[in-house]
Amino acid sequence: GTDSDPNSGDDAGSSAGDSQQITVAASPNPHAQILDFVRDNLAEDAGLSLTVQEFSDYVLPNTAVDSGEVDANFFQHQPYLDDFNANHSTDIVPVVNVHLEPLGLYSKSLDSLDGLTEGSTIAIPDDASNGGRALQLLAQNDVIELKDGVGANAVLGDITDDRGITFTELEAASLPRALDDFDAAIVNGNYALEVGLSPDEDAIALEEAEGNPYANFLAVKAGNEDDPAVQTLARLLNSDEVKQFIEDTYPGSVIPAFGTPGA
Amino acid sequence: MITTTDLTKVYHSRGREVTALDGVNLHVRPGEVFGVIGQSGAGKSTLIRCVNLLERPTSGTVTVDGTDLTALAGRGKRAGRPLREARTRIGMIFQHFNLLSARTVQGNIELPLEILGLTRRERARKALDLLDLVGLADKARAYPTQLSGGQKQRVGIARALAGDPKVLLSDEATSALDPETTRSVLQLLRDLNRQLGLTVLLITHEMDVVKTVCDSAALMRDGRIVESGVVSDLLATPGSTLAAELFPLTGTAGTGRTLVDITFHGGSAGRPVISQLARDHDIDVSILGAAMDTVGDAQVGRMRIELPGRPEDNDRALAFLRAQGLTVEIPGAAATPGVALSKEGA
Amino acid sequence: MITTTDLTKVYHSRGREVTALDGVNLHVRPGEVFGVIGQSGAGKSTLIRCVNLLERPTSGTVTVDGTDLTALAGRGKRAGRPLREARTRIGMIFQHFNLLSARTVQGNIELPLEILGLTRRERARKALDLLDLVGLADKARAYPTQLSGGQKQRVGIARALAGDPKVLLSDEATSALDPETTRSVLQLLRDLNRQLGLTVLLITHEMDVVKTVCDSAALMRDGRIVESGVVSDLLATPGSTLAAELFPLTGTAGTGRTLVDITFHGGSAGRPVISQLARDHDIDVSILGAAMDTVGDAQVGRMRIELPGRPEDNDRALAFLRAQGLTVEIPGAAATPGVALSKEGA
Amino acid sequence: MGWDQMRPLLEQGTIDTLYMVGWSTLIAALGGLPLGILLVLTDRGGLLANTVVNKVLGAVVNVGRSLPFIIMMVALIPFTRWVVGTAFGPTAAIVPLAIGAIPFFARLVETSVREVDHGLVEAAQAMGGGTWTVVLKVLLPQSLASLVAGLTTTVIALIGYSAMAGAVGGGGLGTLALTYGHQRFETDFMYIILAVIVVIVTIVQLLGDGVVRLLTRRKRTG
Amino acid sequence: MGWDQMRPLLEQGTIDTLYMVGWSTLIAALGGLPLGILLVLTDRGGLLANTVVNKVLGAVVNVGRSLPFIIMMVALIPFTRWVVGTAFGPTAAIVPLAIGAIPFFARLVETSVREVDHGLVEAAQAMGGGTWTVVLKVLLPQSLASLVAGLTTTVIALIGYSAMAGAVGGGGLGTLALTYGHQRFETDFMYIILAVIVVIVTIVQLLGDGVVRLLTRRKRTG
């Protein structure tokens, strides 16, 4: 753990003057890529020494923040964090929203939702973070019906009417590769881009960007929100340069969604 | 029946060359039991393995029952069909039996018949016949581990006979057995040799085995055959290493006395030679050492006797013994028979 | 030196019980070479392994050099310190040598010295001394694979001698060797027995080994000792199975003739007994079979002779032979000596 | 999560695991057996001695054993699709599982077959047997017990690997443990799943040991 | 992605892989060796024959080998933190890697040690040697070549396993291949990484084979 104490900012006294250090746990894509951009282009000028540690898991980054082994993480959205805090008695809080990866329903064989009938197959993400969100998207588009009151934590068992459609859970990164094998698949925006799908044009159903609760944010253990390093990183993540980087790198599939969480 | 001409085998291992066979000319006549003896490393196993081409000779030819096997072998390392077919007609038994532990006794004997392509029925009949022949009719369904060493070797022999071979090769087939079992296995080989007219080439390092069953024998040393021939002829050969090894003698003469080694080969042994010598020449004959036995039905053996007086005093006695058709040697006068002499043998 | 009292060993395997030793009372005197022979499965290995308690006897006691090892053994399966210390003073050599292939010859001989806790220096000195003793001074740095069988066994012997034992146990130490090598290894054992006053208990299934080096011998069958004693005494015992096995005779009498088996034990063999018989009694003595040899320095052996006339006609001749101190048997008159008789032995 | 919800998941997970592991074991056995035997036959001094073939096969097996399984699973997606028509689901997961297990089992086969006494091979050759005879009548039957032991090891390794089949929608107990236990925080359920896995592994091991014992009974020295 | 970007990633990945695999091999060797030897010694007929201990150790090893590695990694987090102070990063990944490899190596040790001729053990006992003598002076030196071969196998398996260290931030080549090849669809880069892995595996295998050959030269029959 580095300096989560606001007063211990300059222990090295390096040439940058008030050198701040921060280690952030992040999912490889696109979170770590965004952080890499910050580290390589913005951090030095801001006097921030940023270390990015990539995690391919969705639980351990929170565990690591809670234990103080990393200072912050950047991989999740509010519904997932709420659920995690409730289940693990942790107190991790969001600092600043960065982006949204709108989930979309894509298909190689169908042009619209009408094609989904009895016997159709749909692949959805198998992770807790995206799985429930995918079911919500399908429910909002009347493809299925879910039990009342299940939010972002919906699981396949919560489906009350599947209209005869078969669902398969796959690892999120495998979903773009599954389009040949299923009638349709729910794909995260960033992965869609990698295989040349455009959310705006190719999705037969897409999450709304407006009022979307699934913005991904920088999160820290409660009490560390005001740490200068955290604040510096938060500022950099919501900078124009990052906005430009996201729009250039992930046109349409990752959308800048800056601002204070919950606002 | 088995002829090898200028057979050589050179092993290459880690850059070193080992000449295991160095120009071996072997001739085994049809229907005889031929024993090859020699120290460890002499090349005995290599020789027998060259006979059915399990080992490719470096040069020279091997002819079995009129067929030149070396010509059949072809170029490559793998045995082609003609060679494999020739092998089905050459039986082989091994020191460590080499029975398949996963098969029953009957299954083991059926293996060569499977290779020959016999039907299940024919195989079973033949296997049971062979088990009868080797005296194990009640063990057909047993597994090799349930058998004693002698029984295992009998199964090995039955298996080797499955292809109705004219030739049986045996590499130390009794070396892992105790003497009593060895005797019974050798007896079986002898019987088969007689009943079926089988030619047997056997390798051993036990002189007793040669004594008990062999018609002919060869002694190998350093990859060469240093002595070979019909056993009774060898016994008649003065200075023969094989004869000395087969019937070893011990004992040294007192001063002023004469040591005489007499070799009996064939019928004369039954005659009262020693007592006639004593009576006719009126001398005291002391028997210091003797090894006399039944070899291939003929009474043969050697005896070391001591005569009073120096060798020159005993000319008449020696002449009498020679007149009986015996081989007479004066150890110490010539070189001592035994190891020291064997380098000059053959 | 080694005494076992009512030693029994019962193996339990898969519900079946095998009685490998069935009340063995063995007594080996200090300084003698004692041979145990018997067929495969007779219990020889079990017996020798019970002597140093590698195998726990089911009942009975084992005393070596005055120490009751069975008392030292304790309850558990593991060998406690007192037993382990007693073992350091009992050397053992094995049929398959059991040398560590990963150590040099010297390293192998040093192993027991390491167990004894000697310093590196003392170990090296002792090991080189022992290598000298067994005639392998130049092989100290070789690895076991680079040695011949006989050389390996010499290393095994040197290793067994490292703890300055008074007792050497040998389980078929020469069974894997060829006859020439066997002879040299046995000679070495004999020399060590004389030079160091070593007591040797050796197990073998080869009669030749007993003939060559043993002072005393025992014959085992089905877990029991059926005959035992000093070799020359055994030879004097009419109907002794061991004697018949050591010096086997063959040959059958013509009709109206008498077959006589004579056993020479000790000095009489050097005397011209046969020729005196022929001259004094004026009869033709035919020697049908003979096995005479040097056993523990005494000229001993057996001979089968044929006399003209029926047994009752030869009373005087037989009396003469008995008067010479020889053991005289008429095979066929009594039971034939050999296997058939051995069940009544001891 | 209550037992009512767990039960169907557990049942389906067990079925999926058995289905995936069963088929992939079968395929791994069929693929690994010849590969392992070839490794022995083509080795120096072997019946089909061929240094080049031996080195190439050895390299293939080594690479196969060292590739991270998940990567292999992803890399094989086009192949899987070509073979079974789809790249996802339990049936599709069999393909990477089997292909991952082939080199694993092949090495075990190699070790087992190498242990067959060379004297038995010579005996078969002396009878006029060719390479096929040696393989089918000597090497395989004589190493059978050891091969079964190797297959048991392979099955157990596959049960472990199948946890990663979740990446391609394979389901099964391992994936359940990861999804529910780890990601959805149902720790109790995870422990139940692990217990089921341990039970299955134990049964496999006991069954394998039993067969091995049965086959060894008559064996030992020939 | 250009070579300029790849290079530092490849370098760091290689360093991380070697670091994680190196240490975890060392620990697996230190843990698996005694465990494997105990499995032999406590077996029926062994020097320390003890059926209960043997069955328990055997069960632990089996369970250890069948647990999905990712689950084990997660389950070990508290333990890892206690041992190395943190549960994340390359150093922390060593702990689950090592613990996963211990039962794997232990089984290989067991097989190797079992192959030591029992006659050698008896010879040492006949000299008055106790269990320690037998283990240190007979079993280990005599099975050394085989143990090294087993260690080579373990290292190669660990290179495969280390790809999953990414879940706890361990990095390394396998994780890189997953992240870039699988998640970022940089297929070319993935193949380059795989090539590097194959090269490392080949070097490990050649080194291991070399040491084994060196140790076997003087061996064969004793």
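Lettered A, B, C, D and E in written order, each chain numbered from 1.
In the analysis below, a contact is a pair of C-beta atoms (placed from the backbone, for glycine too) under 8 Å apart; a residue touches a chain by one contact, two chains touch by 3 or more.
The chain list, named the UniProt way, goes like this: B, C = D-methionine transport system ATP-binding protein; D, E = D-methionine transport system permease protein.
Just so you know, these numbers come straight off a predicted model, no measurement behind them.
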| item | value |
| --- | --- |
| Chain D and chain C - chains in contact with each | B, E |
| Selected interface, A-E versus C-E, where C-beta contact pairs are more numerous | C-E |
| Centroid comparison with chain C (C-alpha atoms), farthest chain | A |
| Centre distance in Å when chain A and chain D are each reduced to the mean of their C-alpha atoms | 38 |
| Separation of mean Cα positions, chain D and chain B [Å, integer] | 51 |
| Averaged-CA centre spacing for the pair chain C and chain B, given as whole angstrom | 27 |
| For chain D, residues contacting two or more additional chains | 74, 182 |
| Chain A, residues touching no fewer than two other chains | 57, 59, 174 |
| Chains that touch, pairwise | A-D, A-E, B-C, B-D, C-E, D-E |
| Complex contacts: residues of chain A adjacent to chain D | 57-59, 83-84, 87-88, 123, 126-129, 155, 157, 168-171, 174, 177-178, 180-182 |
| Interfacial residue positions of chain E with respect to chain A in the complex | 74, 77, 81, 86-89, 166-169, 171, 175, 178-179, 182-185 |
| Interface residues, chain D side, partner chain E - complex | 59, 62-63, 65-71, 74-75, 107, 153, 156-157, 159-160, 163-164, 174, 177-178, 181-182, 190, 194, 197-198, 201-202, 205 |
| Residue ranges of chain C touching chain B (in the complex, touch as defined) | 39-41, 148-149, 177-181, 205-207, 250-251, 269-279, 282-294, 299, 301, 303, 306, 339 |
| Complex interface listing, chain C residues touching chain E | 52, 54, 77-79, 81, 84-88, 90, 92, 94, 96-103, 111-112, 114-116, 143-146, 152, 159, 162-163, 169 |
